[in-house]
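Chain naming follows the written order as A, B and C, and within any one chain the residues start at number 1.
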Amino acid sequence: MNAVLTTMRTALADGWANRRSFAFQVLLMVVNDVTWVLFWALFFNRVGTVRGWNPDDVYVLFSVLLVAAGIAIGLLANSRRIGQLAADGELDETLVLPIEPLPHILTKRIDAANVGDLLFGPVLFVLAGNPTPERVAVFVLGSLAGTVALVGFLVFCGALTLFVGGRGEQGDLGFNAILIFASYPLDLFGGATKVLLFTAVPAAFVTGLPAQLVRDFDAQRAALLVSVAAGFALLGWVTFSLGLRRYSSGSLWSR
Amino acid sequence: MRPYLAGFNRGLRGAVVAPGDLTVRMTFLVIVVLVMAALWSAAVEANGGSIEGYTRDSLLWYVMAAQVAVIAVRPRTVEEVGEEIGSGTVAVQMLLPVSVAGLRMSIEAGEAAARLAAALVVGGAATWFLAGAPPSGAGMAMAVPACALGAAANIASQHAFGGIAFWLLDAKSTWFVYQKLVFIPGGMLIPLELLPGGLEAVARVLPFATMAYVPGRLASGHAEPALLAWQAAWLVALVGVALAVYAAGQRRLEVLGG
Amino acid sequence: MQAIRVSELRKTFPAGGRVRRRDAVEAVAGISFSVAAGERLAYIGPNGAGKSTSIKMLTGILHPTSGEATVLGIVPWRRRRELAARIGTLFGQRSQLWYQLTPRQTFGLLARIYGVSRADEASRVASLGELLDATELFDQPVRSLSLGQRMRCELVASMLHEPEVLFLDEPTIGLDLVAKTRFRDLIVRINEQRGTTILLTSHDVSDIEQVARRVIVINHGRLIYDDRVSRMRRTLLGTKVVDVRFADPPAMVDVEGAMLEKLTGSGAKLVVDTTQRPIRAVLDDLLERYDVVDISVADPPLEEIVSHIYTRPL
């Protein structure tokens, strides 16, 4: 655990070494997020309540997404690069260390821009999410569960390259699809799409369910969220560990 | 003219030969069309069948054309131009006896043409499935060249923006913000008529509206030829600005010995 | 005590590839050898010979297709983490040092990862810094160091946890001659002062001469030579290749101790067995008897030595 925390601290120090660039990217991302909030404000301004969702509900949804994405691809920036790392033989430097490889790989890289998301998400929730103590608690736990689901899903997709080759492009596609769907309220989508969002493109578990729980907490759905998130985490872990046996370390072009 | 045509061809062929990239983009197009369809259906439903004269079906055609025009263009060009300038790669490019900006824009235009063709087919099919035939044949006929003009304007504008890196030197992540300018004042996410008065007026003055709003408006059944003229005018202006920015930057590099 | 034992180790990469269909590649085709504790071994072969693949199996990065190996009595791919704590690695083409930070900051992270106490970390960094003449580099950002300086710090990093075996994969790649010589010297120092077993892969023949006492040559995934360097030097490294250019090309080049391999319109290529006649004498003859415009003396390319080994078993 100490190793993991130190790795993350080192990654932060590495990113922070160029202060101006880091801060600038964080700022740009915050601006980017604010414009998204602006879009929703403009939309609801003209359209009014849609299927029972008003602007504040959507802002809660968006804050969950920001926290989940901020952690998954900001702090744990390698979670979406596992495919690339495997294809380029860049897992070597971790595999020679006497530690569990996956936590180290995930924490050794930070993406400044998406850290901006992580900073703005809670701010948005506090401003627009009616932060009573209960809602804050559900928000934090729900976002964390969503994060775990997202990271597990990303690691799973990336680890697949250890089995089928490629550079993880499928994972990238899946991730971007999740991002799109996860930005809109679940109720917007009809039957077939909704099934998709609970399975192959698990946006429902990343933001949909957590946001619903903040609106309207219910122990059963909370349990569902937590167990599915844990399931994705396990899936990612197992796929990656099994995949390591087939790792070829980029040796295909430099033996 | 010939080197620029050659650049265009190179871009075109490059995009066609990389089916992976095309497939990914088309998949996104379909996803976005689906999502927007869901959003605007719900929105129109909640507003008694139409908003600012747009029905659900015409809104879907709006979305289709706006998305097609934008998805044809690489969103990170601003950043890439900035990086080429910041890293000095552009100095090497300037050794060629052609306009760097002109050549670069031609190549990207070629790529965009390939993507545009694919997107029109895929996006058109998806939207037809969801919303039936386009509300106006004339509008749709004008929307196709409008998509091309909009994409071209987008490319030129990104080069103009990226060219600022000659002076600022750090363009990382700026493409996000640029993208949002196309999304909102550009009318890609939301038709300009739905914006509050002041914002709508500002958006109509900016060039971004020609990149998404115009093709969308035409495809949604409002066959207004003046829109095409407006696009053409902005395209010329933006290309001019891009070329000027690069030329000024080039002079600056020569002075600095960069 | 055998630090490393390898028996019939094999690694085949399966056929595949989406863009360009690729046949199965047998990178390592059944190799066997052992390395005693404290030994300095050079593991030599041309590019693509299977060197890196071998090392990666011995360090637990790759799983072999078949065969056995133990390092310090541990099977690398089965108890990877346990072994990792006792071996050190230095990959010439991959850095352990964080680019924007100082080497000392990387040492701190590695110390936490390897479970080295802060007190031990401090004393080891100090003593390694002294041993490797690198102390003044520790507090500068890695991005500002030259490649040679960086490699010295990489050595410190790989020795921080006092490994019993040090694997180096092409460590001198990209270094200039002076830096290479210096680096090789440091490796010998580590081995002599700490008894660390050294296994060094390279395609540079000079690595054999300066560092190793024993050399293994691998080619096409197979071991084709395994003996002490002194013996190899005597028989094979005594050869030099002389490239001469003449102002007025002669019809024939005849010099004692030199074998004419090629004669062209502008020059000649000669092979000299320096164990038969010193190179100096050959050069003197050449310069005296012919109108030489340019002359260069080189070691035969490794491929040539390797093919000689291959065709002339010793």
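We take it that a contact is a pair of C-beta atoms (placed from the backbone, for glycine too) under 8 Å apart; a residue touches a chain by one contact, two chains touch by 3 or more.
None of these values were measured; they are calculated from a predicted model.
Chain A has its Cα centroid nearest to the centroid of all protein Cα atoms in the structure. In terms of the distance between Cα centroids, chain C is separated most widely from B. Chain A and chain C have CA centres that are 43 Å apart. Averaged C-alpha coordinates put the centre of chain A at 28 Å from the centre of chain B.
Separating the centre of chain B from that of chain C, both taken as means of CA atoms, is a distance of 53 Å. Within the complex formed with chain B, the chain A residues making contact are 20-21, 24-25, 28-29, 31-32, 35-36, 38-39, 42-43, 45-51, 113, 169, 172-173, 176-177, 180-181, 184, 188-190, 193. If you check the complex, the residues on chain B that touch chain A are 20, 24, 27-28, 31-32, 34-35, 38-39, 42-43, 46-47, 51-52, 170, 172-174, 176-177, 179-180, 183-184, 189-190, 194-196, 199. Of all the residues in chain A, the ones that touch chain C in their complex are 2-3, 6-7, 10, 13-15, 17-18, 90-93, 95-100, 104, 165-166, 245-249, 251-252, 254-255.
Those residues of chain C that touch chain A in the complex are listed here as 13, 16-18, 22, 25, 27, 47-53, 56, 59-63, 77, 80-82, 84-85, 87, 89, 91, 93-94, 96, 98-101, 105-106, 108-109, 112-115, 141.
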